[in-house]
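In the two complexes that follow, chain A is the common piece, with chain B as its partner first and chain C second.
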Partner chain A sequence: MSSRVMRDFDLLLPESIEETIALLARHKDKSAVLAGGTDLLVALKFDYSIDNVISLALVPGLDELDFDPARGLTIGAKVTIADVLRSQDVKDNYPALWQAAQVFATPQLRNTATVLGNILRASPAGDCSAALYATGGSLLLKNAKGCRNIDLDDFWISYGVTARCVDELAISLHVPVPAQGEKSAFRRMTRTTEDLSKINAAVCLQMAGETCHKARVVMGCVGPTLLRLPKVEKMLAGAAVTPELLRDISNVVISEIAPIDDQRSSAEYRNKVAGVLVKRVIEAALNAKENDQ
Partner chain B sequence: MSDLTVVGKRVERVDVRAKVTGGAVYAADVQMAGMLYGKIVRCYDYAHARVTELDLSKAAKCKGVIKVLGPKDVTQKEYNGSVLDMMVSSDMRGILGDIDDQSIFTTHVKHYGDAIAAVIATSEEAAERAAEKIIVTYEELPVYLTAEAARQSDARQFRPEKPGNLAFQLPEMAFPDNAYAWGEVDKSFEEADIIVEDTFYVPKQKQCQMEPGAYIALYDDQERLNCWTSTQMPKLVQKKLANLFELPMTRVRINATVIGGGFGARLGMVLEPETCALAMAVPGRPVKVLSTREEDWVTSPSRHPGKYWMKMGFKKDGTPVACDAKFENYKGAYYMDASGTAFTTGAWLGGMYKFDSLRYRGESYYTNQSVCGAFRGYGNPQTNFVMEQMVDRGCAALGVDPIEWRKKWHKTIGDDGWCIGVPYNSCALDECLDRAAKAIGWTEKRAKYKNQTGTIRRGIGVSVMNHTSGAMPMLLEHTVCDALLHQDATVTLNLACSDMGQGSHTTLRQVAAETLGFPYADVHIAAGDTDAAGFDIGAHASRTLYVGGGAVKQACEDVRKQIFDRAALELGEAVGNLYMEDKVIHVKGASNKSISVQTIADQGVNNFMNPENGELIGQPGQIQGYASFFPPHNAPPFGASIAEVEVDMETGEVKVIELVNAHDVGRAIHPGIVEGQLDGGAQQGLGMALTEETYYDEKGICLNNSFTDYKMLGPSDMPKITNILVENPDPTGPFGAKGVGEAGIVPPVGATANAIFNAIGIQILEAPITPEKILEALAEKD
Partner chain C sequence: MKKHAITLTVNGEERDLIVPSNRTLLDALRDDLGYTDTKYGCGTGECGACTILVDGMTTINGCLTLAATMNGKSITTAAGLARNGHLHPVQEAFIENDAIQCGFCTPGMVLKTISLLDENPRPTEAEIRHGLEGNICRCTGYTKIVEAVQDASRRITGSNVSAIGE
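Right, the complex of A and B next:
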């Protein structure tokens, strides 16, 4: 049951990354980092364990959203979904991410929620997370001992659990330069437009003409974490993407997912539509006009 | 009626500035000196349990706590939060069998969220912290969530006086064979060439009004109980609280605060009893009780869900010979509106088509769900979902166009209305259907969408409805209005009619200004203080403009008559020779003889003697108009909706592309407000058809009592909507107006279902029609 009253906590307002890391080292799992807060503020009504909220509001150097054709895309910890949506570089080079941002929650939440927050939440329904998992990327984490990069492939452990240590601050996400002929897309299904996904999917395909060299195919809401679909990826790798292949892929998807019944849909329905959604997201990636890419 | 100057105009709404600037003061905003805060402790662990131990001691010792109250610390009187019992005669009350079965705090939990105890503290936070320290031990009891479960012979009985957990069925004394009926149904079916029959499920929809419950109560130094609440029914709640706390009505005062949406959720009492009980425990201190959304969800009434069986018979030529139906609703834990909805659901059915014979049975079963009661449409959306799908199934079997069939067989002027014995006195449904069909391109699209094969299929469906303006003759209909003419010739109306956002204070003001012949700006509506206002039933049953407007009109006619009578005396002319223009009364054909309303009004108040002759200057006495108005009819609104949908055959997803609503509104006093009602109604109607349902796990724990998992359609989900206002003045309505508050929600429900039927050739029997159900139905068909 909800409450109109938030739990007591100390709001800590560090002014540098170093100070933030020091606070994390001190308070560890008794603390939570506040960037957009769209998940955290709800959690604070129920979570008795958070005594210290470490706000990034005054910390400089975390709002970089930068695309460099040689280095790729960097998304700082305070970059919001709305920032991503406003970026022509993202729209041109990472269509899956841009499409996920476009349908993400509501305008109010997009103005506040951060991309890194979506990743750190480790929800199997994360829309931007699904898109980024497909394009691939690595998180830069920092604690008192130093920095480390961790690939998104290794980051989500289980529902709500990540490889981040309690004293680590997520500084930024790095997404590689799009490969030659890379095409990506994101699609989802919801109960109403302004809703969490009941099922979502993202793909990133390296195409040479009709042939797919390499594919990353991601599906959400069908397991405890976002899932890559290795069988589907294998079927696409080196293959010409024909209607027959898409039909075969569509039939295989069900063997790679393990959805459950929840408030948003049923396992049965998710199993029924997962193949359709994967087929459609591949088609969407391939059919996108060049200037949409 | 082209000479109307205020009626029919899109004047500025009286509430718009305050609402858009955030200036409106809702109950939650009210602050008072010495205010205390109440937190109600509810059972969220079980839907059915007995409290075996209640330990309030730890909570009482918490910081800031003034008092902790358990079931024994408040009145032991039982009550019924609904107000149905106050709208019928005492004889009828006995026949219906309405009972009081709610307690302020209970030791027998009957639904998720039932109230056990409460804390009064100096802050909301202190109250909530202390409430967590109350220790309740429960003995779990078996849970009954459906009528089928509740009526099992070994089921525990909710109330000894309601055996079989049958809270209500149409009583034999008023309804022979427990049915609302005419003709001989069984015999009629023998004449039918085509019979269609099925059992549907209609969902537990929630009003989702923007403002969650907020209440303040103060037992003051004159031993008066004051309650600030956004109730839809201040006068009935005043009486209900007076009865519950055994006080005369003069010692109970309702201060009606700005209402953030009602739709039935504030019909009768919700948390007024609890809040007042807390206030009476701390005399002299105001106590505020604020509901969370989740709490409001399970304490204010929802739409009645349940199984709805229907059978229809037709002759080959389309003649509807018989209709048989039964709605078994899952009433919830307390009696509330068990009788009302069980009846009206059938009344709307009976009011629609010219069946040779019809039989409807309505039954309400106690269940361990949160309570059901009034919700916009009061049974009509449920009937629309079922009746209109059955009609379309019949039309498909007959091979006739659904619009043509409806035009031929709907009831009209002279036919019995929704209440047998009260015939319809106006009906423009044919025009509604014709104009809606033309607006959406019905004929072309209906032809085009035959024999589709692709993944994305379109469909178009129609639905019609009848409703009411006020609940006469089923329920008491009465509004009192005072109209006070100030000395500057402006008027203040005093009445208890609520404006819950539907715009009634604006339209009532228009009716007043038009009747008086005054500018809109010269009239003010004062409402919401039960010390000052006379009787009114409250805002429900699409009645406020029709009945409240009737009262306003009559009170203003009284003022106008008094003005003219005095003018006639002053001018030495017969009233019939006078006319008013710009608030000056002139003599016909004599341009130099006139007197202003201002002079009459001023002389009435500031009346002096002429010192020269000792005579009074003008006529003494402040003019006040009065009406105690009982409407002569229920001015039936009719309406039609046509929906066009797109169904994805691979995912089952439905997109409503376009919705056309054409409504016989009598007269649109304020066209913008009427359109707003139809748009808002459509949002709830489409939601009931497609997404909205409160549901429980097998233990009766509510799983979606918040907006996280109860999904309403948002702005981007809404289709293109065209509203057509068919103005066919009703002979009894003020300036011909009919009620429009509920009508808009009804026909989009059936139209959407029928459009899906048209697209995929299958009827989905359970609302909401989700993609999951569509895919399942498509798979079964293959």
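Right, the complex of A and C next:
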């Protein structure tokens, strides 16, 4: 018998999106949605309890991983990290997301954990979340009253807290078509790959030659949520990306983050390496060859 | 707490059982069905001792899966790998390369290796180490395990044995 036993709950197995939403409307904050379960079941073995677990296992229509050059990328609620990793479209068009998926947890967890689950977990250490925050995207949420789209920029409120209402089901994430000259990358630091990131970073740069027109720069594990670095983004916008600029950016990063000490690293260490990691992730995005991303 | 009637096909054998909502697949396999070759290590999806194959070659952690969500699935554990009294080539490679000490991680390692070689029959050492990141061994230091996987790769690709050994 396992030494870690989950508290009692009722497992509900709806067979359609409508049925799932009806269950959410009935049970509201007395329910949790189970997709991959790699976060939820661990929580249930420790300090979390909930009356109803609503599994998406039998719900059709949430498996879509589709790239359309005119519309962008759609990632359904049941799409796993392994699905993303197998997608040549993701590898070609969204390298930051693909790179985050590549180093995400372990093969077994990648087969089960979902991209949307990573976003909904609202951890500042979420690797795929960091990559997607850099590329930008919007979540489609649905409840009994209807649907709404919410930008990732507005989704994470604080540690573990999102803008999702308790009766809403996350249906899919939409990521826009990559802009002309868009380059992105993801990098992180861990002791071993299996560990959660001690610090991670993702960038999405719109380049024209050597000049960066627009930048989104994201850093994780340095605040209660994933953070964008507005000063760094401003320094990159309209600038030629030179070694001097990268050095200046590296020095500014520390003023935009607020890391803490925890079991994976210290605030002091994170402050020391953050600037270097941002410089490296920008270099990684710029140096990626067309067919080697 | 609700109970759920499910049917699992484990190592080719159909098994009916009734599980409470919070029963993990690992506990159902070990305690309800007797497949104690699947091990309980950390219980949190980190060590890989509970690795099983689902519907072919997909490896998952049994400890982080609710049994009641697996109705109708086909599961392979290490106990289901031998054919006609012969061990699977990956099992033979682990034995002959001394890739086993206490043996606790071995069922998970073997199943993960089978899945890895199915996807990539000739992996590099780096690919092997990346592929086995979800399986922790506290005895061997991994060198002999990597050698066993390389040997298994030669056995499977050399003899046209399919990865599942049929």
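Rule of thumb we're sticking to: the second predicted complex is superposed on the first by the 285 of 293 C-alpha atoms of A that agree within 3 Å, B and C clash if a C-alpha of one lies under 4 Å from a C-alpha of the other, contacts with A are read in each partner's own complex, and residues count from 1 in each chain.
Operating definition for what follows: contacts are C-beta pairs under 8 Å (C-beta built on N, C-alpha and C of every residue); 3 or more make two chains touch, one makes a residue touch a chain.
In this text, all values refer to a predicted model and were calculated from it rather than measured experimentally.
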See if chain A has more residues touched by chain B or by chain C, and give me that chain.
-> C
Check whether A:V276 is in contact with chain B, with chain C, with both or with neither, and answer first, second, both or neither.
-> first
Kindly classify A:S266 by the partners it touches after superposition: chain B alone (first), chain C alone (second), both, or neither?
-> first
When the two structures are overlaid on chain A, which partner does A:L97 contact: first (chain B), second (chain C), both, or neither?
-> neither
Could you tell me if A:T193 is touching chain B, chain C, both of them or neither one (first, second, both, neither)?
-> both
Where does A:V5 make contact in the superposed view: on chain B (first), on chain C (second), on both, or on neither?
-> both
Chain A positions touched by chain B in one structure and by chain C in the second | 1-5, 192-194
Interfacial residue positions of chain A with respect to chain C in the complex | 1-11, 13, 34, 37-38, 41-42, 44-45, 53, 55, 57, 105-109, 111-112, 192-194
Seen from chain B, its contact residues with chain A in the complex are 42, 44, 124-125, 128-129, 290, 292-295, 650-653, 691, 703-704, 706, 708-709, 711-714, 716-717, 770-772, 775-776, 779
Report the residues of chain C in contact with chain A in the complex, numbered from low to high.
-> 1-2, 4, 20-22, 24, 26-27, 31, 40, 43-46, 48, 51, 58-61, 63-66, 68-69, 112, 115-116, 130-131, 133-135
Which chain A residues qualify as touching chain B in the complex?
-> 1-5, 189, 191-195, 263-266, 268-269, 272-273, 276-277
